[in-house]
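Multiple structures follow.
Across the two complexes that follow, chain A remains constant while its partner is chain B and subsequently chain C.
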Partner chain A sequence: MDSLWSVIWSTDFAFSILRVTTPILFAALGALISNRAGIINIGLEGIMLVAALTGVVTSAYTHSAWVGLLCAVLSGVMIAGILAFFTLQFKTHIILGGIAINMFASGGTVFFLYLLSGDKGASSSLQSKVLPNVDIPLLKDVPVLGPILSGHNVLTYASIAAVFAVYYMMKRTPLGLRIRSVGENPHAAQSVGVSVVRTQYTALLLSGLLAGLGGAYMSMGYLSLFTRDMTAGRGWIAIAAESMGRSTTVGTTLTSFLFGAANALANALTVLKIPSELIATFPYAATVIGLLVYAIGESRKRKKAAVKPNEG
Partner chain B sequence: MKRKKGLLLATLAVVLLLSACSGGNGGGNASESADSGGASSPAESGKKTKVVLLVPGNLGDKSFFDAANRGMDLLKEQLGAETKVIEMGTDKTKWEPTVNDIASQDWDFILSGGADITEVFNAAAEAYPDKKFIDYDTENPEVPDNVYAMSYATNEVSFLAGAVAALTTKSSMPQANPDNVIGFLGGMDIPGINTFLVGYIEGAKYVDPDVKVAVSYAGSFSDPAKGKELSLVEYNSGVDVIFNVAGGTGLGVFDAAKEKKQYAIGVDSDQAMLMKDSDSEKANLIVTSAIKKIDTAILGAVKKGQEGTLPYGTLERMGFEQDGVGLADNEIYKSVFPADLQAKIEDIKKKLAAKEITVTDASAMETSKVEEIRNSVKP
Partner chain C sequence: MSGALLEMRDVTKVYPNGVMANYKVRFSLREGEIHAIVGENGAGKSTLMKMMFGMEEPSEGEILLRGEKVKLASPQDAIDRGIGMVHQHFMLVPSFTVAENMVLGMEPKKGLGIHFAEAVRMTEEMSRKYNLAVDPKAKVENLTVGMKQKVEILKALLRGAKILILDEPTAVLTPQETEELFRELRLLKDQGHTIVFISHKLKEVKAICDRITIMRAGRSEDAFRTADVTEQEISRLMVGRDVVLKYDKEKREAGETILAVRGFSLAGSAGSRLLSDVGFTVRAGEIVGIAGVEGNGQTPLVEALTGSLAGTAVGGSVTVKGADILRADIRAIRKHGVSYIPEDRMRQGAAGEASIADNLISTQYASGKLGGGMFMNGGKIERLAASLIEAFDVRCSGPKQPIGMLSGGNMQKVVVARECSTEPDLLIAEQPTRGVDIGAAQFIHRKLIELRDRGCAILLVSADLNEILELSDKLLVLYEGRVTAYFEEPSAVGEEELGLYMLGINRQDPEQIGRAVHR
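Let's look at the complex of A and B:
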């Protein structure tokens, strides 16, 4: 058991939690914004994948990681825009639209990768750029905290900043208020002059932007290349994190970190004498426990609502 | 007018999207997919040998399927054969109709390989007894009379990889640390991967009986981020060289190696050469790669088939003697890995070819036995 503690109580482990959580957190915040506006964006996985490829390709051709990042984010917004166009303009069912985006991304990224690099599996023949890691002055010299919090990829810090930005936007800005009102009662919102479609458009584009950042992190920060289906379900985990966090910014952030920590723990435990099959169940066990907590909370809420029927 | 314009735009967008979709999924669509031969002129080219490769998956894995595809290129260049490559995709339900479809057509040799396809392949061979089939990678010893099957001594080449790793960790190479620990990253905890692992451990212990091996499995062959995380954990625990046998997941190992300035060993293809031009810093940390020579094995088999000397109905094991496996002997290996250690590896190669060293084959080993071996070298 000694070695278990030495694995968990190490700065490397704490550092890895932040690193693992970043893409999940970005996508979960994206899910949150669209969900609060009343449309479930299940195309996050696909959006991340497209953004990951776009970032790699554009950074390789422009020799600039920042241009790559910008294009990756724009591509995320664009795909979300296409999704919004079909679901809001033509009333395609949002779930069908999301599935289409995911399938298009899975096959389409390989197709474009093949067109551009002659390769169907990985972008290792492209000289793509990587976004820098940032050492925070002063903080980096603090024992324990320094090695944990300093030296992360710039997008990891951006994901933390995004948490505050989303929190502020949802709570304190007119846009946040419109998004929440449209999500809770579109007819009421419309009756006071809020354009439901325009608000949902904005929400979907913002969720595309955040998922785009998550995708860019995958291929330009976390890793230095694009590979086929490299997001490997992180967009779906984000949707789970968002719903477990009950669509609140704080809850979503906490559950994202819970998933990140469970994954990091599973990774760290492989060096110990624990059967690999058992370790592989860790993230799922964490999900089950999380859902249990969620279910208990929900049923309590329902009981409360039952006691005070007038407010329901 | 405005509405019409909008409708037109929408139709255009749908058409574009659909065409992009079908293009993207083209790889997975069996019957009308990539023709590497270019010319699809039938009938009159009767003299040319016609060879078709059925890929049970998609090309672009940088290792297994791509190596078979290179074999097809060799056939075209060296034998002037008419070749066609069909990517059957990952949907296994499509494999059987595709294989039967191809078997009913006019092909001289029908090629496929991999543990997943063997059953379907052999069934088709029995249904079409006048056609010739080559299974370029299988472990199944039951081979129909019109099928020639090959397997590779991955345990032997992993033995060499293990020897390289154990020598690296104790060497004076710039990034080697004093800890006597080497690493292994597997895609999944399955017999095919554990064959590599057991060979690797035996090879390492042959060089240095006290060496420790950190082992982890990613549980996926297409999650490079997971591969990087697991590698970082290994490197942080004192490992200074990792052997990856994890397909696309393994690409993450090289990212971790670059970040931590530690060594890695590639698999299936010469992975250092794949990255040499785009990222030389990363390539220089890939000491060598354990290669299955699927391409030359395919060339050799078809050549023998043309001459009529191919022993159908048998499973042949391609080891060092047959030049079926080998270590990547590239410029990086020659410059990074010290010369005196290279000599030691050459010595082991000779002993393997002469059968002076026999390596355990874990492909049919019980799980508990693998577990035992794994635990005996855990750091």
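Let's look at the complex of A and C:
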């Protein structure tokens, strides 16, 4: 037990929480934007996977991590665009569209990986680039905080910046107002000339952009190569985090960190003598427990609202 | 008489499902007036209004604004031309503040973001200018209905509305709020705005409107000056019959009591009363009609009778052949020999993508007559379907055709065939011929009379006076959840007289009403 505490109460562990949370946070913010527009993007998992492979492949061919990042993000936007096209234009059910994207991504990435590297498991034969880690001057020399907050991948900092950007966008900009109005009362939005379809398009593309960043981080920051199904359910955990965070930016960020911590714990526990298979279930168990707690809270709130007088 | 501000010339609207909602409607709006459009539900008011606001396009006819022909393809077109609308169901985002709702879609900007201070200022300015007091920073979900309506009016005015369409604005207001709304509307009129006021409350129309256009069965009458007509005259024009259907209906002695509703009261959410002390009986071999303007308790009553009780029964009983059915589920109620033709055939009456045959057997597949055990007997089903299609003259390509492909009239015939085919003891028919062409309507009426002659008790709920006066052996009128009249000889009742009860102007004494309950 002592060793467990020493693992958790270390700056390394705190550092790893940030490291592990990054892809979940990106995807959760993407889920937030699309969900607030009333069209839940369940293709996040697949979008991340495609972006992860695209980043690796393009950075290997162009010898530039930045070009790889750009292409990864564009691929995320493109897949989200395809999803939007089918669900908004042709009225495919978003759940079916999302499942199609996820299945395509899971099989398609392996296919292209094999095509380009001759390997079905990992992209180790490709000379792909990695996005740089950043040491923050001054902060890096502060004890405790320095080792936790400094030296992260550039995308980890970008994910924190994205929290502020999404917060501002949702609360303070016309686009945010429109996204929220479309999600909450599309008839009201329509009656004042806000195009529901166009707003949902924008929201889906933005969620694709954020998931693309998350995917790029997976293969060009968190790891330095692509492996099959490497997102390992992070897109789904992100959707759970968004839902448990009650679709608010702050709540979603906090629950993302909660799930990130569970993930980091699972990683840390592998040094102890606990079967690794059991440990690997930890983030998912945390997700289920988290959602359960959330659901209980919600139903209590609903019951309270129901007995409140003068409510329709 | 200068040219009209807005004019609709011979406007006809046929919906894709074949329902003709408006036929050669003429409507003319003068600048600076408050103009009422009155009519019963289903008379075509809302369709007319939707075309005025660009939510629907006319199938025929034209709309002229200031003498110029215009095409209103979307609400945005209407807004751009100075037409605003206050919907009956408010178009507001509950979690937004008043100011945010006001500026949605036309947000003032500062840099990248919304200039919230400016939005609040704009709201305050409009609020002062039109004397509509609202708090710009309050959240809409915390506002009263009356306040929300003010926000809706301001929203339209902020977008430059000169013509304001109000769809049943007083339906949701308290009398005090209504008074306040009228003061505000008069003020708007004084400032040069033109108001279209849609309602079926005649007292209010008389109180505030300058002119009045009456709609009936999708057609319009010429506009009257409100001062020139009395409430009675308006009600006669609203509910009057145009084509008189006649059926040879032999007199029959009513048999034993099948359905008995006694002292039935129903409370809705928030303690509102949906039904108060409703009592009547339906006996074997008679048709009892329930007339009334829609929304006066018919829906909760039918729901209570058919196992979809919404709200809390606070008194009284509902029995079929002596058995309490208030808390029984739908299958149990049907086992008592009850059939039901629902008002909404698209949503409740039929499964649109299923075949005609599947729809026909949906009330009896579980009875075991069509094959027991694991499988259904396909041949039996087909024979049953084919015979019903023939007996009810359903125009279709065969029993396997999806019901959703049929016209409204033929679809309704399938529903009626299904409900009649089980030889029910009690049939509850709710608006059985709404939106159905005359031919199909007459066919359905004859089938109902045949069923009655075979000894079925029928409860007919309809807003169509023609239908209800012709078919009913006994007739009740519902107004605000109460029975306000009972007639033993419906054919001897004048429409005008009936209209007065339907609109709550007259009401019979309790003793007369009490005669509706037989032992």
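As a convention for this text, the second predicted complex is superposed on the first by the 282 of 312 C-alpha atoms of A that agree within 3 Å, B and C clash if a C-alpha of one lies under 4 Å from a C-alpha of the other, contacts with A are read in each partner's own complex, and residues count from 1 in each chain.
The definition used in the following text is that contacts are C-beta pairs under 8 Å (C-beta built on N, C-alpha and C of every residue); 3 or more make two chains touch, one makes a residue touch a chain.
A quick note: this is a predicted structure, and the numbers were derived from the prediction, not measured.
Following superposition onto chain A, is the placement of chain B relative to chain C best described as a clash or a fit?
fit
Taking the superposition on A as described, I'd like to know which of chain B and chain C A:T281 touches: first, second, both or neither.
Once the two structures are laid over each other on A, A:T281 reaches no partner at all.
Would you sort A:V110 into first (chain B), second (chain C), both or neither based on which partner it touches?
first
In the overlay, work out which of chain B or chain C sits against more residues of chain A.
The larger set of chain A residues in touch belongs to B.
Check whether A:R172 is in contact with chain B, with chain C, with both or with neither, and answer first, second, both or neither.
Once the two structures are laid over each other on A, A:R172 reaches chain C alone.
I want to verify one number: the closest Cα approach of chain B to chain C after the superposition, in Å.
Scanning every C-alpha pair, the shortest chain B to chain C distance is 19 Å.
Using the superposition on chain A as set up above, list the residues of chain A that contact both chain B and chain C.
Touching chain B in the first complex and chain C in the second, no residue of chain A appears in both lists.
Which residues, counting only chain B, touch chain A once they are in their complex?
10, 13, 17, 20-21, 23-28, 58-62, 66, 189, 214-217, 219-220, 222-226, 228-230, 232-234, 236-237, 248, 251-252, 255, 258, 274-275, 277-279, 282, 371, 375, 378-379
Give the list of chain C residues in touch with chain A in this complex.
Checking each residue of chain C against chain A gives 75-76, 79, 85, 87, 89-96, 100-101, 104-107, 109, 112-114, 116, 155, 159, 269-270.
Of all residues in chain A, which touch chain B in the complex?
Listed in rising order, the residues are 12, 16, 19-20, 23, 82, 85, 89-90, 103-104, 106-114, 119-122, 124-127, 218, 222-225, 227-230, 232, 263-264, 267-268, 270-271, 273, 275-277, 280.
Note which residues of chain A are touching chain C in the complex, please.
168, 172-174, 177-178, 180-181, 184-185, 187-194, 309-312
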